[in-house]
Structures are given as C-alpha cells and as structure tokens.
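Two complexes come next, and they have one chain in common, subunit A, joined by subunit B in the first and subunit C in the second.
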Partner chain A sequence: MPRYLTQFFIRFGLIAFTLLSLGPVVWSVVTSLLPLSALTSKPPDLNPLNITLENYSLVLDSSRGLFSGLVNSLIIATFTAAVGLVIGSMAAYALARLNMPSSNKILMMILATQMFPGIVIAIPLFLVMSRTRLVDTHFGLIVVYLSFILPIVIWILKGFFESVPMELERAAAVDGASPIQTFRYIVLPISLPPLFATGVFAFIEAWNEFFFAIILTRINVKTASIAIAEFSGQYQTLYGQMLASAVLASIPVVALAIIFRRFILEGFAEGAIKA
Partner chain B sequence: MQTSNNYNRSRYRLGIWFTAPAVIVLLIVLAYPIIASLVLSFLKVRFGGDGLTFAWHGVTNYTDLFTNQLFREALFRSVYFTVVEVAAVIFLALSVALMLNHPLGRSAFYRVVLLVPWALSPVANAVLWKWIYNANYGILNQSLIGLGLIKENIIWLGTPWLALNMILIADVWKAVPFIALLMLAGLQNIPSYLYKAARLDGANAWQQFVHVTLPGLKTTLVISVVLQSIWALKVFDLIYVLTKGSPADSTVLLNYLSWRETFSNLDVGYGAAIANVLFILMFMLALVYIRALRPRQTAQRDG
Partner chain C sequence: MATLELINIHKKFGDFVAVEGVNLRVEEGEFVTLLGPSGCGKSTLLNMTAGLEDVTSGEIRINGKVVNQLGPFERDVAMVFQNYALYPHMTVEENIGFSLQLRKRPRTEIQDKVQKVASMLELEKFLHRLPRELSGGQQQRVAIGRAVIREPSIFLFDEPFSNLDAALRLKTRGEIKELHQRLGVTSIFVTHDQEEALSLSDRIAVLRLGRLEQFGTPEEVYSKPASKYVAKFIGTPQMDLFAGEFVEGGYQIGSVKIALPRSLKTANTPVDVGIRAEFVTLGDTGFDAAIRLVQPVGPFTYVTVDWDGGSATARVNGVSHLKPKETIKVDINPNGLLFFDRNSEKRLDLV
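Moving on, here comes the complex of A and B:
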C-alpha cells in the first residue's frame, strides 16, 4: 500500500474514533442543556438560544435524592481511597521489600480475588450485614469497596516500591533507621505522586460502583449511581433531567481521569500486563 | 553480622504487621463470603416474619438449575454475549491502539478522547444509551430516518434479540478504551530494533504486523481476552437501566438472573447456585490470566 494511502486511512480512522468516542458524550451534554420541548420536537430543535440550566437546577432539588447521592458518593469514595491507600501501601511495601515468604503467591492470590463475580460475595455479605445492621451504612459499603480496591492498589504500588533504589534504603539502615522509619521517612515521601494517583484511581472506582450499592443500600446512603438509575426509571420521560443527572455524576470522575491521564496511561496499563 | 540479622528479623516482623490489615479485610469480605456462598447453594433459605430460616436442600438448587429453561437460556445468552463482546472489543481496541501508536496518532488529544468513555460512570453510560436508543425521540432513530435508511421508528430495546445486541453495543463502546490502553502499553514494549531488522529483511507493513507486532503482543492479547471475558460475564448496570431483563426475559444474563432470584424473588439458595456457576466460569478464566503473567516473571528473575 502506498504511503499516502496508509496515511489517509489512519487519518480517517482517527477521525472516526474521535467522533464515535465523543459523539455520545457531547450529545448527552447538549441534551442536558435543552428544555423538554426542544428534545421532543422532530427533528430535535438545536437552536442555541434554547440553552438553559433548568434541568440542572431541577435535578439538584433535594427532593430528587441526587444531591444527597453525590454527597454519599463523595464520602464513600474518599474514605475508600484514603483507607485503601494506607492499608494497601503497607502491604505493597511488605510484599516488595520486606522479604515476605512466598510474596509472589500472596500477590497472585490477591490478584485472583479481583476476578470473583460480585454476586458470589454479595449474597452472603448481605445476609451477614443485615444481621449486624451494616446494610445502608457508609461503613458497610466502604469495607466492601476496600476488598476490590485493595488488590489493585497493592498491585500498582508494589511496582513503584520495587523501583525505589535499594541503595537509598541501605543508606537509611546504615544511618540507624529502623525498617518502619525507612518506610515512613524515605520510601513514602518519594512515592507521593504514585500514591496520590493510585488514590485517585480508587476514588473513581468507588464513585462509579453500582452493583454492591444497589444491594447494600436502602434509603440513607444511596449513592449518586443509585440516584441516577432510579431517576432513569421513575422520570424516564424527562430526558433532559435524566441526562443532566448523569452528566453531573460523571463530571468529577472524568475530570480526575483527564488530569491524571499520564499516570493512568503509564502506570495502570503497564501494571496490568506485567507481573 | 549480628546487627544485620536483627535488622532482617525486624524487617520480617514488620512485613507481617504490614500485610495483616489488608489480608484481614480480604479474608472477611472475600474469603468468608465465597465459602458461605458455596454452603448457601445447598440450602433452602426462607424469609419469614422472624427473619431467615435455613433448611438443608442437597443439590436440588443445582438440579433445578439445569432443568430450568430460563437458566439455560441465560447461560447461552451469557456465552453469546461474552464471545461476541470480547471479539468486538479486542478487534476495535487493537485498531485504536495501532492508530494511536502511529506517529499521526501520538498527540495527547487522542489520549484524552480515549479516557472519557472509560472514566464515565457505568450508570451514566447506561442512561446515555437509553436516551440514544429511545424509540420516539432517540438520536439513533432520528438519524436513520433522516438519512432515509429506515421509514419507521425501530423499538431498539423492545424487540427480543435486538435488545440484547443493543446492550452489547453500549457495552463494547464503554469497554474498548481500557483494553486499547493495555494494548498501547503492549505495543510500546515491543523493541523498535525488531521492526528495523524486519524492514532490513524486506518485510512490508503487513508482514511486520504479523511477524513482529502480533508475537510481541501475545501476552497482552491473552490478558485482554481474559479480563474482558470476566467483565463481559459480569455485565449488570446496562441491563438494570436499559431493560431490567425485558422484553420477555430476553436480556436476562447470568449475573442479572442470580441477582433477581436472590434479591427480588428472595430465593437465596437458588441465586447462590447460579452465582457459583458464574464463579466457576470466571475462575477458569482467572487461572488463564495468572498463567499468562507467570512465564515473563520467571524470565525477569533469572535475568
């Protein structure tokens, strides 16, 4: 194939890829900014003079449950990320550097837990949590989310800790630092960027989760995902509002993903295909 | 050497303390429920006025399963969904990764384009497609009518076989970016001297793809297929928002069926039996993933 033809196909493919990826997203945002009358006329009335924020103010009304859903998601995702980072970084460091016996087997087991269908653990967890009154509490959901955040956090951070030069730790030991001091004052400070970015990843995962949220919440801790799903069932003819709630719940996570794209592209993608 | 020994011992002890919290969380939230789920699947569980009652039920839940028409259909549909979804995702993700690895596609803009569908909340994704597929006002019908390709609105989510495939398309759209990211990382790990050597031997672009790119991507491809199969078997959010299993249960897949039997029909033991079938399917896939990772690891250690 001549060179200019290859170039033509790749340019064409890139345009198609961009349109197909962004098209549905752009259309959702446009929809959320239009009044119902504009959306239900055929063809849809895209006159920019119609643009309004009415849908947003309506869905944020407290009676709709979206606002409290966003607050609940924020609480749950923040705690999941924070606790996951503390516990996960400790375990990752132990597996990377503290001569744990058969640390690779532990790692493989941790990784395998990533692959259980949620429903298998959801049924017994629901029974136990109803008895211990943990259903419909922030705590209950955070603990469950930790179980699938931890394997990823450990997996990724272990890779970073292994790349910390051994000489640094040896030098600290020679200066009389105990292993825990070495971890606290040498390893953690130079790992801040990956720690922070791993936390962002955990936050996104916990924010987006739906399956456990629908099983383990009732009224009090409904997350944003639940609020949107309920909304799309109850008010499914209020298209603009339905999309406005979806856009609102997506803004934080999409923004985080774009800001931390370099880390996600290099860290996670590499981590998943390398042991 | 006494001090060094002490130092090593204290490192080891710290290692135990450091791993303990994570292991405890995983044991409580994963290991216990997995065993409990196995036990539950042999019980008949009833929700009474005074709570739950359990009775031994033998393998009846499982024998019921395989004589049940809906379960067999859901199993078949799950396998169909997974095979087609994974094939489509791998093909599209590989194409995207190759384009983004080409000098023309290296700009940061395309990386952002790739991340947007990935980061989108899955429920938001489902709502988005519900609106696109809307029979009366959805953009899909409006565009197809506008282009003159169809004369009347198609009820995308109200026609049995069609509805499943529309869910499949929405799922593929959401899944391609992450797998493309994995493949992009895999492509960048292929040393460029291999391509140079191939060109010196007179290989054209296609031959380079077949003899350098594909072998270099082998591990990545295996991992992508396994991970995506696991995720496709788990599909839930889309079904919940788009169809709730309708029309006529034609979009009921295994994960959804297990959830519905347990939490709607309150047949906990039967739901657990379905969940365990799903678990076995995924566990076999997980073994493949771990095997795929292992050889490279030993190679690294030896080197």
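Moving on, here comes the complex of A and C:
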C-alpha cells in the first residue's frame, strides 16, 4: 500500500475513534445545559436559546450530595493513588531488582488476584468489611481500591524499573554517589514520568469506581459516582442535573490528564530509558 | 596512575564458578585487555576490579594497597560501560560534570573542567543536549568524558565498542588508543574481539572459563599461543590445527608429509600442529591440493585448500583469481608450525 494511503487510513481511523469517543461527552455537556422540558420533548428541543446553567446551580446548591460526593471521591482517590504509589513502587523495585528466588511466584500471585470479576468477590467482601466495621468508611473503600489497583501499579512500575539499565546505578556508584544520592539524583528523576502516569491512572480508577462504592457505602462516604447515579430515581430521571454532575465530576480527571499529559505520554509511551 | 594486582581471585555465583584463581599484575600506565568469549569471566573480573561486585576470595591491590573492602569511588577507578549508562535526564555537560558536582566542587571549576574534556573529545557543540539527542559515537565519547574528568588512576572499559557500527568502531578504537598515549593512565579493557585486543593492548590476558589461559604481549599471544585455545581464538583467519603424527623426517597430515628441517625431540604424548595462513603458500612447489574456498578481504585473499586427510587456509597477497575446484600446489613453511600436546592442549617448545 502506498505511503499516503496508509497515512489516510490511519488518520481516518483516528478521527473516527475520536468522534466516537467524543460523542457521549458532547451529548453530556449539551444535555447538562438544557432544561428538563427541552430534553423530554420529542424530538428534543435543541434550540440554543434554551441554554441555561440552571442544572449546575441546582446540583451544586442542593443537598443532593454531589458536593460531599466529590469531596469523598477526592479523599479516597487521592489516598488510593498516594498509598498505591508508595507501596507499589517499593514492591515493583524490589521485584525488578532484587534477585529473590520466589519473585516470579509472587508476581503470578499478584496477577492472579486480578482474575476474579468484582461480582464474584462482592458478597464475601461485604461480609468481611461489615464484620471489620469498615462499611461506609473512607478507609474501607481505600483498602478495597488498593487491593485491585496495587497489582496494576506493581506490574506497570516493575516493567519500567526493569527497563532502567542496572549500569546507570553502577555508573553513579563509580562516579562517587552514595545509595541515597543515586536514588535522589538518578533513580527518582528518571522514574518521575512513570510514577506520575501510574499515579494519575490509579487516581482515575478510584475516582470512577462505581461497583464497590455502591455496595460498601451507605450515607457517610457516598462517592461522586454514587451521587450521580442517584439522579436516576424510580419515577423520573433528572437527566440535566445528572449530566451536569457528571460533567463536574469529570473536571478533576480531565484536569489531571491535561496537567500531567507530558508525563503520562513519556511514562507510558517511552517507558524504557534507552541508552 | 597506578599498578593493579589481582591475586588468586575467585568468584562464585551460587554454584557457578565465574572466575577461578586469576593472578594478574598490571604495571603503571599499561593498557591491558581481558579477552575471551562471553561467559569467560572477563566482565566479572572487571566489575570486581571496579568494586561493583565482591570477590569470593582473593585480593585486589591498587598501588599495593588492598582495596577489597572499598567502594568503586574510593578505589579511584573510572569505568566506561557497554551501553554507556549515560544519565538520560541530564545534559552532556551535567553527565560529564556529575562526579565533580557530587564532590561539591565550585561551579566555575566544574565548568572549566567539563569544557576542557569536551574540547578534547570534540563535544563542545553538544554540551546542552540530552544523551538521546546524540549519535552512538557521540554518546560513547560522553561516556569516556565522564571517566576522563575524574582523572582516575585506572580506566576500566567494559566492551565499549559493542554498540557501534563497524566503521565507528575502528575510529573509536583509534581515539581510545590516542587517549591512552596522551594521558598514560593504566587501563583495563574488556572485549571478545581479538583484533581489538591485538590493536590496542600492551598486554592481553586471554581468559577461558574463568581461568587465565595466557597473559602476554599481542606478539606473544599471536605467535606463541600458550594453548590450542589461544591459538584458535587469536588471529584471522583462524589457525589451522592438525591431529597428525611425527614420522621419519617430518610430520604427517593425511597424505601429506611436511618435512621438518631438523628432527625434533618428540614428547611422549601425541602432538598436534597448528599453522597460520601466512605460512601456507600457493604456487609452483609443494603438494597438490584442491581449492575449496576463495575469500578476498581486500589486501589479501584467503584460499582454503583440501587434500586427502587435511585442509588448510593460505593467505595470498592482493586479489586472487583462483577458482574453487581448481588444483594447486601448496607449500607449508615448517618454521611456522606450532606444536601442541594433544591431551593437555598446551603448546610444546620442541627443539
């Protein structure tokens, strides 16, 4: 196939994919800006004159729980990402660099924990959590999220640490760096992109999580995703408010992705440090 | 500058013996190559010298002082790694100056020294680039610069050319030799390339399965190899070896008898002989053989011939117009013969 044709197909594919992904986002934003009456009329009344911020002021103002949901989500996602990074990076470094006889077994066991769908462990997990009085607590949800985010963090970072040539640390030692200096000046700086990338990933996973949140929270620790779902009631669904909440809830995630875009790209795409 | 002594060095990784009883003394300012195929222990030996790896037993002395317990930096050695190991997030300038920065030298001093090293290695234009923005040859020079700036008493090179293409490899080889002539710093160089070893070294240590097989000048290892192993490893094309036998007035290889100028005092063990291509001549005298292979390499052509029970490669000057399957007369110069004990594989000095 000639080069320009290949280029054409690649671009066409990318554009199609982008449109497909953007569609729901655009529709969410549009919906959040229209009053319920405009949405429920058939066909939907998309007259731009109807645009209103009413939905936003309603969800932020009311005692609907969106605000506290956002705060809860922020607490839980931040702690999940932070603790996941600290524990995960240490575990990954150890698994990548120390010649432990059982490191392969450990890695496989970590991977094996990922094989169970959430629904399989939901009931036993609920029993464990309620007996340890962790239902409806931040701590409980953080622990549960860590249990499935840590394995991913460990595997991603282990791959990265393995790609860092051992010689870099040796070169630093020959140059006269102490182990702490080697970590401070060499290992840490080159690990920042993957650390950020994995951290953002962990944050987003925890932020978006719905299934365990709905099982393991009741009143106190409702997360944003639960708060959003609650706009869909038995008798009516407040589409405008629901999607206004959804838009608001995605702002932190989008912001994170934009702020750390460079790191995320470097962290995932480059990955390896090639000498 | 320093002397380096390795005294009865052993290294085990679990049950695997990587280095076994190596003794080596490197004189001040000498350029010594550790040569051998992969797995012969040469890199392990270098890492132990650098202090990156512990010795299982034995002593390493630098300038007469035992350094076994010292870290790499305190041994005052600098190392150039196979993959260069440049710090990817630092510019060329920072890479070269890192060791001085760690020692908290004043900024101006660091800049001066980096400048000096960079101009010596023709890196001035690249000081603000990152390693990944450099070509392989430039990265290599940064790695050397990082070692040079330390003004160490010993340079260690771990197969520094293996990531370069052939042309660049030759050029860099010349640069390293010049650098050594200029600075005169004791250098240990690890390679599996015998030609590299011959062209660079004052002396070559040939290693085999963790043992030192021979330690001598390039001339010695080439013309007086201590064993069959060294004989085969060194020299292009590979030395031809024959498992023939002594007969009255000569040595019999298959159907051919090579006349010896004087009768040699033969040992009690069976003896193999080896001959290098430059001692095999093709032309009007000698015995008949069939040409099997003609390999031109520029200034020479290597012609491999077969006869009943034997085969040898001759070095012919210039381009040869010989063709495979032709018959030609072959002469083997008996002065070029090397004798090896068939059982121990050691070279025998027969007189």
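Quick note on the criterion: the second predicted complex is superposed on the first by the 211 of 275 C-alpha atoms of A that agree within 3 Å, B and C clash if a C-alpha of one lies under 4 Å from a C-alpha of the other, contacts with A are read in each partner's own complex, and residues count from 1 in each chain.
What we mean here is this: a contact is a pair of C-beta atoms (placed from the backbone, for glycine too) under 8 Å apart; a residue touches a chain by one contact, two chains touch by 3 or more.
The structure presented is a predicted model; accordingly, all values stated were derived computationally and were not measured.
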Subunit C versus subunit B, contacts on subunit A by residue: B
Partner chain in contact with A:95 - subunit B first, subunit C second, else both or neither: first
Partner chain(s) touched by A:173 [first = subunit B, second = subunit C, both, neither]: both
A:165 touches, of subunit B and subunit C: first, second, both or neither? second
Partner chain(s) touched by A:207 [first = subunit B, second = subunit C, both, neither]: first
First, second, both or neither for A:67, with subunit B first and subunit C second: neither
Touched partner set for A:186, first subunit B, second subunit C, both or neither: second
Which of subunit B and subunit C A:6 touches, first, second, both or neither: first
Common interface positions of subunit A, toward subunit B and toward subunit C: 173, 273-275
In the complex, subunit A residues that touch subunit C: 165, 167-168, 170-177, 181, 185-186, 189-190, 273-275
Interfacial residue positions of subunit C with respect to subunit A in the complex: 50-52, 71-73, 77-79, 81-89, 98-99, 102-103, 131-132, 139, 146, 150, 163
Contacting residues of subunit A [partner subunit B, same complex]: 1, 6-7, 10-11, 13-14, 17-18, 20-22, 24-25, 27-28, 31, 39-40, 42-44, 87-88, 90-91, 93-95, 97-100, 104, 106, 108, 110-128, 143-144, 146-147, 150-151, 154, 173, 178-180, 183, 204, 207-208, 210-211, 214-215, 224-225, 228-229, 232-233, 236, 239, 242-243, 245-247, 249-250, 253-254, 256-258, 261, 264-266, 268-270, 272-275
Touching residues (chain side subunit B, partner subunit A) in the complex: 7-8, 10-12, 14-19, 21-23, 25-26, 28-30, 32-34, 36-37, 40, 52, 95-96, 99, 102, 104-105, 108, 110-124, 126-132, 134, 136-137, 139, 142, 146, 173, 177, 181-182, 184-186, 189, 205, 219-220, 223, 227, 230, 233-234, 236-237, 240-241, 255, 258-259, 262-263, 268, 271-272, 274-276, 278-279, 282-283, 285-286, 289-290, 293-294, 296-297
